[in-house]
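Every chain is named by a letter (A, B, C and D) in the order it is written, and numbering of its residues begins at 1.
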Amino acid sequence: MSKKVAFIGLGNMGGPMAANLAKKGFAVTAFDLSEAALQNAKEAGCDTTSDPKEAVQGADFVVTMLPSGPIVELVMVKQGLLDAIPSTALIVDCSTVSPDDSRKIAKAASERGLHFIDAPVSGGTAAAAAGTLAFMCGGSAEDFERGKSVLEAMGVNIFHAGDHGAGSVAKVCNNMLLAIHMAGTAEALQMGINNGLDPKVLSEIMLKSSGCNWSLEKYNPVPGVMENVPASKGYQGGFMVNLMLKDLGLAMEAANSSKSSTPMGAMAQSLFSMYRNGGDDRGTMDFSSIIKLFE
Amino acid sequence: MSKKVAFIGLGNMGGPMAANLAKKGFAVTAFDLSEAALQNAKEAGCDTTSDPKEAVQGADFVVTMLPSGPIVELVMVKQGLLDAIPSTALIVDCSTVSPDDSRKIAKAASERGLHFIDAPVSGGTAAAAAGTLAFMCGGSAEDFERGKSVLEAMGVNIFHAGDHGAGSVAKVCNNMLLAIHMAGTAEALQMGINNGLDPKVLSEIMLKSSGCNWSLEKYNPVPGVMENVPASKGYQGGFMVNLMLKDLGLAMEAANSSKSSTPMGAMAQSLFSMYRNGGDDRGTMDFSSIIKLFE
Amino acid sequence: MSKKVAFIGLGNMGGPMAANLAKKGFAVTAFDLSEAALQNAKEAGCDTTSDPKEAVQGADFVVTMLPSGPIVELVMVKQGLLDAIPSTALIVDCSTVSPDDSRKIAKAASERGLHFIDAPVSGGTAAAAAGTLAFMCGGSAEDFERGKSVLEAMGVNIFHAGDHGAGSVAKVCNNMLLAIHMAGTAEALQMGINNGLDPKVLSEIMLKSSGCNWSLEKYNPVPGVMENVPASKGYQGGFMVNLMLKDLGLAMEAANSSKSSTPMGAMAQSLFSMYRNGGDDRGTMDFSSIIKLFE
Amino acid sequence: MSKKVAFIGLGNMGGPMAANLAKKGFAVTAFDLSEAALQNAKEAGCDTTSDPKEAVQGADFVVTMLPSGPIVELVMVKQGLLDAIPSTALIVDCSTVSPDDSRKIAKAASERGLHFIDAPVSGGTAAAAAGTLAFMCGGSAEDFERGKSVLEAMGVNIFHAGDHGAGSVAKVCNNMLLAIHMAGTAEALQMGINNGLDPKVLSEIMLKSSGCNWSLEKYNPVPGVMENVPASKGYQGGFMVNLMLKDLGLAMEAANSSKSSTPMGAMAQSLFSMYRNGGDDRGTMDFSSIIKLFE
């Protein structure tokens, strides 16, 4: 008999994730406030409900994909969803939230005898649709192993980062580092261009040298250097500046609460913030467009 | 008959480079101010001389490996070495100098009808000894092709970055980017550690995610995460903080003269500078020890 | 008949503030969790109580001086103090909290028909004892005028910054700017010293030039340049690094929530954070000791 | 009999400075490459010449006001002006040059038995015309005293900073600090505005608090807060962004050569550089327009 999954939150990411679960044979009951989102989920093979507490009845897994930590807390604690979840279920929170919020929600679940892992995703809407997301998980080894069966239906790289909150920590560390090397790659390439170098040639050299990094290899910010990256498509699609700023905000929050010094991350945040404030539509462009700040 | 190479500058890098040229069959005449360096060169199969103008007599190639741009200029222009070099020779300057200095020296050579490429190296003393250096070259396509025969005796990756000075530009862009992602990697790992994560686990996760970069992959700054890197050997060997600061100084000079904005590079320079000033022996430690600034 | 003041929170700042109110003729009923603090308040002429709801009975003013925004919210909203305050009273929150928290608490008060101003202080424990604090206030003009009578018993500069939350905004803007020019002054003076200049002479020159700022004028960070500043007393006393970091945290929170770009403030935060992390006792030293980071 | 002054360099600053010297009774012989500049000098009461060596014949003082250190060196050393200056004259270099260049020129003068002080100015073209410049001087106490008689004809604050080069050091320290508090003031005021505060009110509060600094007091960057500052005149006039960037370049050079860490200065340089690169005409606007980067 197929395992039952309650899926809470059917946005741009959650919608295709729930669809993939249904496609892989899970019995999904999906909840969202939006009628349209519910309709899409139905067409993708999910049962739907307008009552989250009904969704979790008899569930083996409760997967949440909500916009922020305070909203996860609102739904779970204040609106009482935790109190409706069966004690045999595993809660898998895929929302991107601060490590502190992750730990707070995990604690609220534990106090009710519930099993919980934080499992924020890496990868955008394309990866959500293709079922190739990465998940960085925090929780006990047992709960992680159990969660894997669900996560593997939605992604390909499933990491166990450590205890409760460790998934969120790993995510903010990774994305802060991504922001840093993207901004650094952009300014290095622009300095090369300003000195008359062909950015394609400079990129090839640095790819084979110690400057090599993911931004340079998969996501070159200069238009025309790589095909099929946002830079070559008017910085459309990809990972929006606003989302990168959200993740950098969480990173700075985590740095502050753990008394970590993150000068490069803080600088990246300042740069993305100045860049966004410099033009109306920049927040919704791909984050590699940060290179425009250096032109 | 073997090609004749005049080798000017037999320091920690130049010494083994000249030795490799001799080993690969070039007829090397080596010059340095140090008697001990000349003695080593002789034992490695080079002819030696205490007069640089004698060294370049009849040379097919003149390879220079000197400590700084002003010193290259002193030897070449003010002390008149350029006037002694045969017009049929190719000058290959492997010194790390600013792009502006590179172009200035290339211009002085061109004005005398001489062929010149700038070919700064990437890789340290171990790569110099093993003959596995990388060279980033600037000059005409013809001169680059001709220079390759010499450079391939000393290294494995030989890049043509563009016109005169482009080799030096590529080098400072690359090393600035290296400084940025090393500092960023260090602070991201330290933030993970401060939040209770195992740096080994966090490194593995980021290596397979968008945070991936050369510092994480080849040169992890946390002791014990990788074997055989400076971090696991007390930050000895490797690439000294002082040398990274020298390269960052050249990068900032290049940024300034080309009106490029390099905020991440400037931040990296500030961090390495504060780090060095914080303890007597830090300048001579490996640059991955920058993580100590965040502990 | 003297006006009645309920004073909530008798810490290093609140204690002497309550004492000044009593000295100036207000009928103060003081509350704190600490017995010792209550004892001190009693000796200073206050009535005391271990029940905050009792303290506010019949009060004309309720002055709060608590460690953080979440704690003000806890006491006021969750523990229900707001519900015990008479509708004729004016609440004056002198705690240093984020602008968002200020507005949240003001809103909770308004919803109950209560009058509220945020009135964070500037100046340390010495100014609290001397009654020479500055207050930056947010709220209606009427409430501000009414609050002034109380605030003038504790301080000398009483500013009306604007609506609810504006006092907290002004405070974080001011203290962020203070952190910036202190760090900048420290590095400028150190660069002068490193170039052989006498810091006293350089300070005098900059004081009469466009580099002039409060840090240079009132609080020189180099030992021996000014008498009676923390720098000349082993960086003891004054304004602790930990408190500056608290304020910078609030500033970054305010920047983030208002989409403001604050690169200089973020840099100052990074510097004070690295400085604090570099030694066990640094958090409790005066913030002008940041100059040690540049030595 | 009036003292003879040779004045070398009649640009926007040098022209009015020479005119003031003539007006105060010095016998000025002025030199510049521009015919128009010479004509203006003549009308202001100077003798003129198209040969700098002629200008210095019999001079008691040689005042130089040239665009950069390399140009001072070119004129003085390579073109041989030093060899034409009488040994009884005092050379007063008012050009803004790096401390290293200052010391180099002082050394070249000393080697020829000549007296030299570096005396870079603070204040713009208006102060040059009004004779209210400030001078920061480096050299022996005797030479400083002697130079004062000339400098007092052109300015009001004449400081002795220390030995040769100390004037240039003081100038770059001061202007770096100015850049820092201007950028910091701009971002603090913008954060206030973004939170609904009136910048005039916030400025008044910070002026009386610990955020106070010269930028806030004399040069508010928000249009309309102060009259008669560049911000209230479309950021025209005042101190151009390009000139501030020149001074920051010299500051970073001085930091580098003295192994000083100047993270706040480097950040200010990054900000002014990004700002200038963001629009064609920004380099020639007043430097307080940096606030546009934060809007």
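What we mean here is this: contacts are C-beta pairs under 8 Å (C-beta built on N, C-alpha and C of every residue); 3 or more make two chains touch, one makes a residue touch a chain.
Note that the structure is a prediction, hence the values are computed from the model and not measured.
Subunit A and subunit D touch with mostly matching residues; of the residue numbers seen at this interface, over half occur in both copies. Among the other chains, D has the CA centre that is most remote from the centre of subunit A.
The chain pair with the larger count of C-beta pairs in contact, out of B-D and C-D, is C-D. Between subunit B and subunit D the centroid-to-centroid distance comes to 38 Å (mean Cα coordinates, whole Å).
Between the Cα centres of subunit A and subunit D there is a gap of 52 Å. Subunit C and subunit D have centres, each the mean of its CA atoms, that are 39 Å apart. The set of subunit C residues touching two or more other chains comprises 255, 259-263, 267, 270-271, 274, 277, 293-294.
Of all residues in subunit B, those touching subunit A in their complex are 99, 122, 134, 136, 157, 159-163, 165-166, 169-170, 172-178, 180-181, 183-185, 187-192, 194-198, 201-202, 204-206, 208-214, 217-219, 251, 254-255, 258-265, 267-268, 270-271, 293-294. Residues 249, 252, 255-256, 259-263, 266-267, 269-271, 273-274, 276-277 of subunit A touch subunit C in their complex.
Here subunit B touches subunit C in the complex through residues 274, 277-278, 293-295, going by the rule given at the top.
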